[in-house]
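Shared chain: chain A. Partners: chain B in the first complex, chain C in the second.
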Partner chain A sequence: MSKGRAKENRPGLLRASLNPWLVRVEDHPERLAFVLHRVTGVIIIAYLLLHIIVTNTPARAGWEAWDQLMEQFGTNIVNQVGEFIVAGSVLFHGMNGIRLLLAEFFGVCIGRPEKPKPPYIPPTYRACQRQLLYLIFAVWPILWVFAGLLIFGVF
Partner chain B sequence: MGASRIQMWQYITAILLIVFLGGHLVERLPWLVGAESYHDTLRSSFVSKQYGSWWSIGLLILAYTALFHGLNGVRGILHEWKPRLGTLWDAIIWAVFIVFALIATYTVAALW
Partner chain C sequence: MVGIDPKAATRTPPKTVVFRVKRYNPKSGREWWQEYKVETHRGMTVLDALLKIKEEKDHTVVMRYSCRMGVCGSCGMVINGVPRLACQTQIAEVADEGNPVVTVEPLYNFPVVRDLLTDFTDFFEKHRSVKPYLLRKDREEQEEPRGQYLVSPEEHALMYEFTLCISCGLCYAACPVAAIDPDYLGPQALGYLFRYVIDPRDEEWQMRLMIADSEHGCHKCHYAATCSMVCPKVVDPAQAIQRLRSLLFKYKLGLWRKKKTAPLSEKPKDWKPRKPLPPEAQLVSPDVDLERLESEPVTVEVDGKRVELRYTIYD
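What follows is the complex of A and B.
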């Protein structure tokens, strides 16, 4: 045991919840999903606050000011990249949110409790929430690319 | 409000967000709203119609639920970060919620 001040029994906010690159995800994709849910949530709330201010423009300065603003946003690559990141965040957060609602709120896709026996794999990890998570990881990049094609004006 | 009750509201607002945010995002699909591109759907000719219809109430509900859901998530992270400052975090989060809810309400009311 180390001398002096005892260490807190937590790994630190950054490692625990905000940085997906610091997470060990071997055999625990739920852990990666948890961190990505937080990271995308922080991105979305930052965007939401800006969005509420920006969408107030026509109420303050009229629709001409709005059109000028949208013209600037539509031609600025930095804004487009920002929108692309927000789109990916919303897509992951939304799909993983549906999985969490099913598992935590409606109590489905989490398996049944059972007597623990080797190799001690919790029923939750063998339940359909895991398949849903794999499906999310598979569908998410496809939808994100589709959103990117829209945002960058490919179609 | 107890922690478990707030968590219930987090799930309820999540369900509402699926409905209202889903509707809001569908409006950005150009072929569904008769626009030429995604950026065309953001022009005043399209957006002003949404604010001038009953859907503006949906937009207002969307703003309130998204603010509650998002800020409550941030509140949770702040409580984990510095639990001793819980009362301060609650006060800051509620203040931000009220300010931005008022801005959203003003936007919808002015453009109705």
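What follows is the complex of A and C.
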């Protein structure tokens, strides 16, 4: 077998990474969840790196600079919007992560093998992982709005 | 799920449908979209329309097809953005009066040979790498069977769904992970692997779990579950991979092992040793050592270079 992308005419990395958007299947929240899980994961990693750099400030520039920075965070609108996005990402990634852990490690909520019969819907889509996903899509905006109220200092 | 609409054949598609076919010429490396207008009739499938194009309009369009009834799995292509079998897709299902356009592309994630024809070599190598056949500890008995392996209907029902796979490659084309990682075994191979792990007649389940536990094995799956959505035979590979992972997780913690394997039935009274096939019925000549073929990698020459056709857990 040819390893990696060495083979002639194999789609390049750029084209391959478009696959999640190219395949247009209707009524498929799992795929949307997959895309959101990846995007939020990237946001969380970026935040983590920034967080490490920022918490290094006292060692780099002293405690005065740290205090100044912390004052800024409470008032600067750019920081607040960034925090809002990170809060939404963490909320979705965490909740969807619980669903994925249940399905992948414990094999629950994924249906049972059965003989295919009309209307030919695979057990995966009739299992409770889908209800869990709908629940996540319902709870996520509410929690996110609540987090926004806290971040923008309405309370 | 997708493409299983029994009522679609009773609807009448638009009179004229525009087919946008993605073309590729390997000699010049040119890629382009070509449009054909096709007169349709009720019950016409996308494969019928493509063959009509080939017969009446442009005989240079290349595709692969064989049985025309969704059994062989040759005519997989991406129709209106969804991997489907062209022979099972009614035009009435994908086109309507408001938008009488059908786009046809080669399967994603596969190297394109020409136009709609894709190269399945790697796909079948991955299928081969999971050893998709029964393996018993007693190899001699397997070669010279003295009876049947006894399987109860309940045990059979658990694995029956996963035996329906026709290797059409639609799940592989829809998989976003196979797009990023070309070495990923893919839903088809992993589904097959799971089918043999839970098969009560199979005894080499530990080796199979090791194949699944490799870098490009079942841990790469991210449960986008599109494989089950596009499967024309409702095989549900997404469930198979998640079950495989949970089994592997439990096995690594020492909480799971295959408890029971199918026992051998009693030796039938009229049992006779297996007769060797006559030379004209043998697929390979008697000089070929099948056991060595199985253990050795296959090497082929591509452009003067020797390429190893093998997928193992050890490299």
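To be clear about the criterion, the second predicted complex is superposed on the first by the 129 of 155 C-alpha atoms of A that agree within 3 Å, B and C clash if a C-alpha of one lies under 4 Å from a C-alpha of the other, contacts with A are read in each partner's own complex, and residues count from 1 in each chain.
By definition in this document, a residue touches a chain if its C-beta (ideal position, glycine included) is under 8 Å from a C-beta of that chain, and two chains touch if they have at least 3 such contacts.
Fair warning: this is a prediction, and the values are worked out from it, not measured in the lab.
Contacts of A:E104 after superposition on the shared chain: both chain B and chain C are touched. Within the superposed three-chain model, A:I52 lies in touch with chain B and out of touch with chain C [touch as defined at top]. Judged by the touch definition given at the top, the superposed model places A:W63 against chain B, while chain C stays out of reach. Of the two partner chains placed around the shared chain by superposition, neither chain B nor chain C is touched by A:P141. Once the two structures are overlaid, the count of chain A residues touched is higher for C than for its counterpart among chain B and chain C. In the superposition on chain A, A:Y120 contacts chain C only, with no contact to chain B.
Contacts of A:G41 after superposition on the shared chain: chain B is touched, whereas chain C is not. Residues 13, 16-17, 38, 100, 104-105 of chain A lie in contact with chain B in one complex and with chain C in the other. Of all residues in chain A, those touching chain C in their complex are 1-5, 7-11, 13, 16-17, 19-20, 22-25, 28, 30-31, 33-34, 37-38, 100, 103-107, 110-111, 113-116, 118-125, 127. The touching residues of chain B, when paired with chain A in their complex, are 11, 14-15, 17-18, 21, 25, 28-30, 37-39, 42-44, 47-48, 51, 63, 66-67, 70-71, 73-74, 77, 80-81, 96, 100, 103-104, 106-107, 110-111. On the side of chain A, the complex with chain B involves touching residues 13, 16-18, 38, 41-42, 44-45, 48-49, 52-53, 55-56, 58-59, 63-64, 66-67, 70, 73-74, 90, 94, 97-98, 100-101, 104-105, 150-151, 153, 155. The part of chain C that touches chain A in the complex is made up of residues 1-2, 4, 6, 24, 26, 78, 80-83, 108-109, 111-113, 119, 121-122, 125-126, 129, 157-162, 164, 173-176, 179-180, 182-183, 221-226, 228-231, 233-236, 238-239, 242-243, 245-247, 249, 307-311.
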